[in-house]
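Below: a set of structures, written as structure tokens.
You will see two complexes here that share subunit A, one where it goes with subunit B and one where it goes with subunit C.
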Partner chain A sequence: MTTSSRGLLAALIVAAPVLVGITHAMLAAFGLTGLAGIEPGWGRAHAVLTDVTTWRSLAWSLWAAAASTVLAFAGAVLIASLFRSSSRTDALARALATLPLAVPHVAAAFVGLLILGQSGVLARISYAFGWIATPADFPALVYDPAGTAFIMTLAAKELPFLALIAFSLLASETDRLEETARSLGAGPLEVFRHVTFPLLWRGLLPATVAVFVFVFGTYEAAAMLGPSRPTPLPVLAMERYAGASLAQRADAFVLSLLALVLALAAVAAHELLRRRRWEVAG
Partner chain B sequence: MSSAGAGPRLPRAALARKSRGGAWLGVLLVLLTACGDARRAGPSAADLAAGPWEDVVLAAEGTRVVWRMWRGDPSINAFVDEWVAPRVRDRYGIELIAVEGSGQELVNQLAVERQAEARGASDLLWINGETFHNLRRMDLLDGPWSGSLPNSAAVDSTSPIIARDFEQDPAGFESPWGRVQFALIYDARRTPDPPRSFADLGLWILENPGRFTHDQSFTGITFLKMLMYSLGGGVEAFQGGFDEESYAVASERVWRWVEMRRDAFWRSGLAYPQEVAELHRLFANGEVDFSMSNNENEVITKVRQGTLPSTARPLLLRDGTIANTHFVGIAFNAPNPAGAMLVADFLLSPEAQLQKLRPEVWADGTVLDVDRLDPEWRERFADVADDPRALSRDSLRRYAVPEVAPEYHERLASDWRSRIRDRP
Partner chain C sequence: MTLGSARTPLRSLLLTGLGILAVAPLLLLLITSISRSWFWPALLPVPSADSWAALIAGTSGGRLSGAALNSLALALATGLLASALSLPLGRALAGLRGWRRSLGAGAAFLPVAAPPIALGIGLQFTFLTLGLGGSFMGVLLAHLVPALGYATLYFLGVFAVYDDRLEDEARTLGASPTQVFRRVTLPRLGRPLLEAALLGFLVSWAQVPLTILVGQGLVPTLAVEVLGLVQSGQDALAATGSLLLIIPAIFMLMAAALAIRRVEAVPV
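Right after this comes the complex of A and B.
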């Protein structure tokens, strides 16, 4: 066995659970699992893909994932650039910023609900100050079509992950380049614009894509904080899967495959971007 | 694997000869069939039910029973883990393990196990209604067996609520273990004079905009089903199996009723809580003035836990509120049907039924006909402390209406989504 075929086998073992899952999803999407009450064919896939509900859900999930990823990215860059020195206070700030990493996503979603809900901490503070008279006066951030609470919660939850990578990027490769730029007469803003930020975003890109794909597919926070209409795509898929109607069971798999295609597209776009960058750099 | 010389020779040689595509396919096939064919070796629950009960007890001794159930309520979990489990261990040497799994998730999993012809991972299943309907339709339950349980003699089989599961005949494929009745929950301090019929509730909603909603799950759909009974001429109009035409006419009235009041719902009827637990939270925090529960006594346990305010009360609507029974079934591929039967029998014992009824435990109604028990047990049932929040047995009985065919529930759930939720 050659080294490359051994590598292939290793990759196959790693990918096997996913491949089995995809195979099952494809069979189930086209009703080929032989279960009673499900008719084989394109019927359900066609129905799902021509249903405006599907596309509304997809659009919402894309929007919410993009918005939370951008916010998490911006926050991570900001915190990493502000607290980058080796001073004790900066080290403490960095440690505090990574603290939410330890919080499970379900717990984060629940905290989001407790803070941002119409009877949550912010609403209670507003009431105490006399700004609002009833819970309904507080802006609807939870369950709102824009997904405000969802986006804020996920941004806060993913920020530490990106910040952690940003810390190590700034600690390792940037110092010398920034020093050179400064010695050539660049001001602090110019150094950030032309040296620090380009290095940061390139280094953060893979993790940022991972965050986007994760947020796009996350269920718990979407179910707890997302709107009823449009229904977040993962919630819609789960609803069809857990629904009593056997005929709709296939819908869940069509929706999951649709989400998979989108996630793969994001990864492929990243790969393309990376190659182009190499070509330019090389 | 560090060197090429290690490991068995044959599979590597075989793999090397195959094309890349072949290797992929090969691994996939191995994985798909790895679960293998492992049918149960011993007798089924149906076989056991045909023999003497002593054989069941003998076969169950010292075994392990895995019970798949809804694990969403800490009081129910505590009853099962800390009260039932130690007792079946001490008495029968049965190790009872409760794991998560209910509703369609259960159906989906068993269906996959059937396809893979896999050995089952669970014995006892907590089910009713549409889950039972789908499990039976797909032939995923073992049975009949429930009539052979010694304690089933005291089950209140004259009650239409207990003898039928969403109009279906349990036919020995599930054994009852609890009975509950739907009730709205209101706060006597905030709403001293609550509406007591759907007509009054409809007016109340219009007069108090933004203060009422229902959840998107089982409880909320049950609420809509009772509204359908009320607007469609009573439960009788829907009995005798699913009828497309009665459904079409009555559900149209339900959607019209909702649409006429939608702007006065919480969040103008544009957002609905996913689960009833979230509705309880909205109610406790004063965002809405009503919650609801499938168990008329849930308000008692929730007040004791501090989840609901002490002034919370259950409320029956005069139009009738749905009462139903929940059951345990045995999976078609259960590794231990004898143990499952013994646990199901223990759940029907007066002792377990009484414990479950206690408001500080779970406040789940009994399925036994208490009058048929020994005087000693009758007294103990009568002695269960009457909570001031409990509804009287008479009014519960007077307003109880049965479930109808599960298709009504399924259709209301999916049509509510497309007719109401997904439309602005």
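Right after this comes the complex of A and C.
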């Protein structure tokens, strides 16, 4: 077997379960799996795709993923550029920033609930200071349509991952270029604007796409912190799948396909960005 | 000086923030786990060791300790299998060039990017057909899907910079392929294998939707139990469960820190 066909076989093996899942979801969405009660044809797909609930859910999930990704990205860039030396303080800051990486999402979401809920820690502290009188006075950050608590929790949860990559980018690629810019007379802010930041954001792009699609697809945090109107897409898919009627099950397959198509687009974007980075670097 | 004179106060502020972000969740979970009732607007709860006692005595917390053992077995098996299988897969992918390389890396990224809920819904029928629905083996295989993606991406990164001239040299000196693998390749890849296993462990350990969909509620795991406890308002037990989830994961991560840095494109 040639190197090339061995590689493509490996690609097929690792992607096979997803391809099987997509195929089955497609067949089921169009009523072709022979399950009694689902009419073959475009009926369910058409019904789901013309239902405004679907698009509100998708829009919410896209918004929440975009907002948390932007926040995590900004935080990672800030922390990585401020704590990049080999001093003890900086090493401590980097260690602290990466620690929450290991916290499973379900635990992170629970902590978000305990801190940001209307009878949570922040609300109790606000009461102690006399700023609010009852839990209802505290702004609704959890289950709110804007997804504030979800966004803040996921941003905090994904920041360590982006920060970790930013640390390694700054440790390896940028030193020489910054030195050159400085020797050519650039001030600290100019070096950051024209050298450090461009290198950092380009280097972080593939990982940022990964964070976006990951937050978009996360189920447990959305179920614990997200609103019920609109329902986050992963939660809507689970609700329909667990629903009583077979028609609802078919809806779940259509929604899953929608999510998988978005993931495919993210994979394509990820590879494109990574390739471009290699070309630039090489 | 990168950002001029505003740097020092900003640094102190951020360092404090990072410290709080790292420590406060653990502290809050610890306090919640030893609470009996925590009425508004008390800043601290009425303390009680109930949830921990229940965990040890195996009463209402017994579900939690059983689930934790299940999680541990699943995560260890997922980690070991993912590590062993991803080595040849990642190595084969690293041999690709040009557009094929992008296709290969994309294929490994696909199970990582696919929303687990969509993956679970798409795969459940296949698992049922194979008689794996609601079984430990089924959940293990389901966890293996994303874990294999993560670990293969990791080994793709390892082999992208791997120098196989040492293996060639051993062959030249008369070693058989088996000897080369046992005496040269395996010792060199010991650390990556361990790190890939830790990655797989973490993926399985935190997994929720695939466990619910493929396990059909018959394979309780710690992460799923915690979700249920939070949703039914049993905060003290949920906090105890969360701590059981977080503490081993942090130890694992410390060991795997290097692995994740190399994978580059994968949030855990």
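As a working rule, the second predicted complex is superposed on the first by the 265 of 282 C-alpha atoms of A that agree within 3 Å, B and C clash if a C-alpha of one lies under 4 Å from a C-alpha of the other, contacts with A are read in each partner's own complex, and residues count from 1 in each chain.
Operating definition for what follows: a contact is a pair of C-beta atoms (placed from the backbone, for glycine too) under 8 Å apart; a residue touches a chain by one contact, two chains touch by 3 or more.
These figures come from a predicted structure and were not determined experimentally.
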Item checked: Fit or clash - subunit C, subunit B, common subunit A -> clash
Next item on the list: With the two complexes superposed on chain A, say which partner A:82 touches: subunit B (first), subunit C (second), both, or neither.
Entry: second
Margin query: On the A-aligned overlay, A:256 touches which partner chain: subunit B = first, subunit C = second, or both, or neither?
Written below: second
Next item on the list: Go through the superposed model and pick first if A:33 touches only subunit B, second if only subunit C, both, or neither.
Entry: both
Notebook entry, point to check: With the two structures laid over each other on chain A, which partner does A:8 touch: subunit B (first), subunit C (second), both, or neither?
Noted result: both
Next item on the list: Identify the partner contact of A:184: answer first if only subunit B is touched, second if only subunit C is, both if each is, neither if none is.
Entry: neither
Item checked: Residues of subunit A touched, compared between subunit B and subunit C (which is higher) -> C
Notebook entry, point to check: Given the touch rule stated above, what does A:103 touch, subunit B (first), subunit C (second), both, or neither?
Noted result: second
Margin query: Once chain A of both complexes is superposed, is A:224 in touch with subunit B (first), subunit C (second), both, or neither?
Written below: both
Checklist line | First (subunit B), second (subunit C), both or neither touched by A:21 | finding: second
Checklist line | Identified clashing stretch of subunit B versus subunit C [7-15, 97-105 or 205-213] | finding: 97-105
Margin query: Just to be sure I follow: which residues of subunit A are touched by subunit B in one complex and then by subunit C in the other one?
Written below: 8-9, 12-13, 20, 23, 33, 119, 135, 223-224, 241
Next item on the list: Spell out the residues on subunit B that touch subunit A in their complex, using ranges where they run on.
Entry: 4, 12, 15-16, 20, 23-24, 27-28, 31-32, 103-105, 108, 111, 115, 130, 134, 137-138, 210, 216, 267, 270-272, 274, 278, 282, 285-287, 406, 409-410, 413-414, 417-418, 421-424
Note to self: Please output the residues of subunit A touching subunit C within their complex, sorted ascending.
What the structure shows: 3-4, 6-15, 17-18, 20-25, 28, 33, 78-79, 81-84, 89, 92-93, 96-111, 113-115, 119, 121, 123-125, 127-128, 135, 156, 158, 161-162, 164-165, 168, 188-189, 191-192, 196, 206-207, 210-211, 213-214, 216-220, 223-224, 234, 237-238, 241, 252-253, 255-257, 259-260, 263-264, 266-268, 270-272, 274-275
Notebook entry, point to check: Which bits of subunit C are touching subunit A when the two form their complex?
Noted result: 1-4, 7, 10-11, 14-15, 18-19, 21-22, 24-25, 28-29, 32, 40-43, 88-90, 92-97, 100-119, 121-123, 125-126, 145, 148-149, 152, 202, 205-206, 208-209, 212-213, 223, 226-227, 230-231, 235, 238-239, 242, 245-246, 249-250, 252-253, 257, 260-261, 264-268
Check: Can you list the residues on subunit A that touch subunit B in the complex?
Finding: 1, 5, 8-9, 12-13, 16, 19-20, 23, 33-37, 53, 117-119, 135-136, 140, 143-145, 223-224, 227-229, 231, 235, 239, 241-246, 248-249
